[in-house]
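A quick write-up on the structure given underneath.
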Amino acid sequence: MSPNRLEAFSDGVFAIAITLLVLDIHVPDPGATSNLAGELGSQWPSYVAYAVSFLTIGIIWINHHAMIRRLKAVDHGILVLNLLLLLCVGLLPFTTALMAAYLKEGQGDQLAAAVYGGSFLLMSVAFATLNRHILFRKVHLMAEPMDEARRRTVLARGVAGLAPYLVATVLAAISPYATLAICGAIALFYALPFASASEGAAAES
Amino acid sequence: MSPNRLEAFSDGVFAIAITLLVLDIHVPDPGATSNLAGELGSQWPSYVAYAVSFLTIGIIWINHHAMIRRLKAVDHGILVLNLLLLLCVGLLPFTTALMAAYLKEGQGDQLAAAVYGGSFLLMSVAFATLNRHILFRKVHLMAEPMDEARRRTVLARGVAGLAPYLVATVLAAISPYATLAICGAIALFYALPFASASEGAAAES
Amino acid sequence: MSPNRLEAFSDGVFAIAITLLVLDIHVPDPGATSNLAGELGSQWPSYVAYAVSFLTIGIIWINHHAMIRRLKAVDHGILVLNLLLLLCVGLLPFTTALMAAYLKEGQGDQLAAAVYGGSFLLMSVAFATLNRHILFRKVHLMAEPMDEARRRTVLARGVAGLAPYLVATVLAAISPYATLAICGAIALFYALPFASASEGAAAES
Amino acid sequence: MSPNRLEAFSDGVFAIAITLLVLDIHVPDPGATSNLAGELGSQWPSYVAYAVSFLTIGIIWINHHAMIRRLKAVDHGILVLNLLLLLCVGLLPFTTALMAAYLKEGQGDQLAAAVYGGSFLLMSVAFATLNRHILFRKVHLMAEPMDEARRRTVLARGVAGLAPYLVATVLAAISPYATLAICGAIALFYALPFASASEGAAAES
């Protein structure tokens, strides 16, 4: 299979997952609402979670392109690991909705935040695993030769990128707001201009 | 990244957002309805909001193509600004549903209309920001040279295109129907044949 | 804009609308169901409506390709008429759900069937309008010259194809089952092998 | 129509169906939940069904590519049979949700499991039918000649691949858990590295 086909299918899943996020933002029931402004305002966790997840999926999409364009062909192992990555991406509309629903609740908020941070961590692990597989086990499928030092650097950046998500997940036990803030900060960090030098990659940098 | 990849991903988000709009049109519960014609008729704000949002997203998609085809390559800054534009587009199924649910309500209707008009305004601002970034800061990435006067004209049309959405948003305080009518008129205007001379672009004209 | 871009975006809308149809098939609530077989069986209108709408959208997609591949370029008018066609396609998940929900009801069933047949009729009219626009007003954009007799034949087949949907819509006043049966028969007719000679086109034949 | 167009549309349906699966995983209502961990834990059938269906659709997508790339052109019969395959794929979000909702219930669980296994079986039959049609009736449309022995081998593998799904469906009468376990085992089997020699194809092997 050509990398183009793999990219086209993956792009579809990324685009759908990113657009399904909006289904988590609910229209208050007109019959049960006497103060729409208050209702919409109280839904702020939904808006923040939407923005953070949207940017994160968008950045993973950018990184995914950077990863796949190094290949001249894909084999069965790459296809399956890519499928596992997409499986994690596909879960994000659920974990985002969970985070938004429980952030302000007195109970369940810590668990919801841990699941939210954990889903980003899982996605990053799947990304790093696929990247490692390509960089060290499928060198013969790479479009252009890349010396080992450079490959180790790329992978090290990817592994280092897991740390903030691990911190965000663990901190959920103390403060769910901290989890959301860290995930948002990671997305903003990779969206900033200077991150472009490192391919602007949340999972890969 | 090639502009083609950026377009393919963006097209996916546009196509999904435009198709998700239909989820806002609800089938009346057979068990609770004794007059289906009346129920369907009373849902007219959903149909109007569907049509207005569908056409608006469609026109933005046409404009987006006109904007991106000027590029021979895209960089990190363009990718991130494009992601912010898509984030705004992704919100439209929610703001459209909000508008449809509250247009005929005694309370919340003005706020819902302001959010609706405001979401179009936000999308247009995101579009103009990306266009300005391309036309004035990424001239070296443009496929064909374009003199400054021409670039200023294109941008001026884009900024002028924000005014009607600003009016529509502000008028929500007086009449939510006016907001919907103006947004619909903008979409129709850009869909008309003579608009093709100006690339038929809601946000760009 | 190249026809390829138009096709890619349209394909996205077709693919999403066709896949959203499944959201109209509901899982019976386990807590409220003591006889799952009976519940699933009583939902048969949903399955039939799903199959009929799925095949119809699929055939329109095949026809759409046959129509667009005649073009070497697309202009603003074609884009807008194509957008109107997609707007009709995007409505089908709603009209399909309406049909499925009311087919067996004592009231509203005739109206729901009329809306269902009417949405297919509307889509076919939008298709024929776009086809007529291409065949008679945008001859200079066609990839290969086509003599007028041939163009008239293609259009005549398209207009003739509207008749069965008109019959299906009108018959809703007498029997909603007849509407569904006719729409299903049309889809089957165009799916049959011998229909390939006429490009297998529900709306175009 | 070129195989590329067919693949692009099919990829869209595969990508959307695979991503819609997440809509079956529900966020527990914060107002009605005093123990989020327990609620999330009790939803485990949803997670397992999500993973099994996701991998199965992903593997069918890989197989679909292997099947279509043998073609240099597609005709009406291939388009229609492919549409029937996509119709089956489009049903999977419903049958997956049904399985997840009833797996632990005292009644309906066997039927739900039979529907779940049956939907995979149906999809595999549709796949094998299309493959047989291509291999034995559309030899003239194949990109490269393939001798009959090889074609028989490919088809035999496809038919043999139906057996496990038949077993999974029949076993639903005894144990719904067995159905889910077998479907999961089939997906894992085809995801394993050594399966790549046989094109890693659930339906085709």
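When the chains are written out, they are named A, B, C and D in that same order, and each has its own residue count from 1.
Definition applied: a residue touches a chain if its C-beta (ideal position, glycine included) is under 8 Å from a C-beta of that chain, and two chains touch if they have at least 3 such contacts.
Note that this is a predicted model, so its numbers are computed, not measured.
Where chain A touches chain D, the two copies mostly use different residue numbers: shared numbers make up under half of all numbers in play. Chain centres here are Cα means. That of chain B falls 37 Å from that of chain D.
Rounded to whole angstrom, the centroid-to-centroid distance between chain B and chain C, based on C-alpha atoms, equals 26 Å.
For chain B, residues that reach two or more other chains under the stated contact definition are 8, 12, 16, 20, 23. Chain contact topology: the protein chains form a single closed ring, every chain touching exactly two others. Touching chain pairs in this entry, ordered by label, are A-B, A-D, B-C, C-D. Against chain C, in their complex, chain D makes its touches with residues 1, 5, 8-9, 12-13, 16-17, 20, 23, 75-77, 79-80, 83, 86-87, 90-91, 93-94, 97-98, 101-102, 105, 107-108, 111-112, 115. Interface residues of chain B facing chain C in the complex, by the touch rule stated above, are 7-8, 11-12, 14-16, 18-23, 25, 27-28, 30, 33-37, 40, 50-51, 54-55, 58-59, 61-62, 65, 69, 191, 193, 195-196, 199-200.
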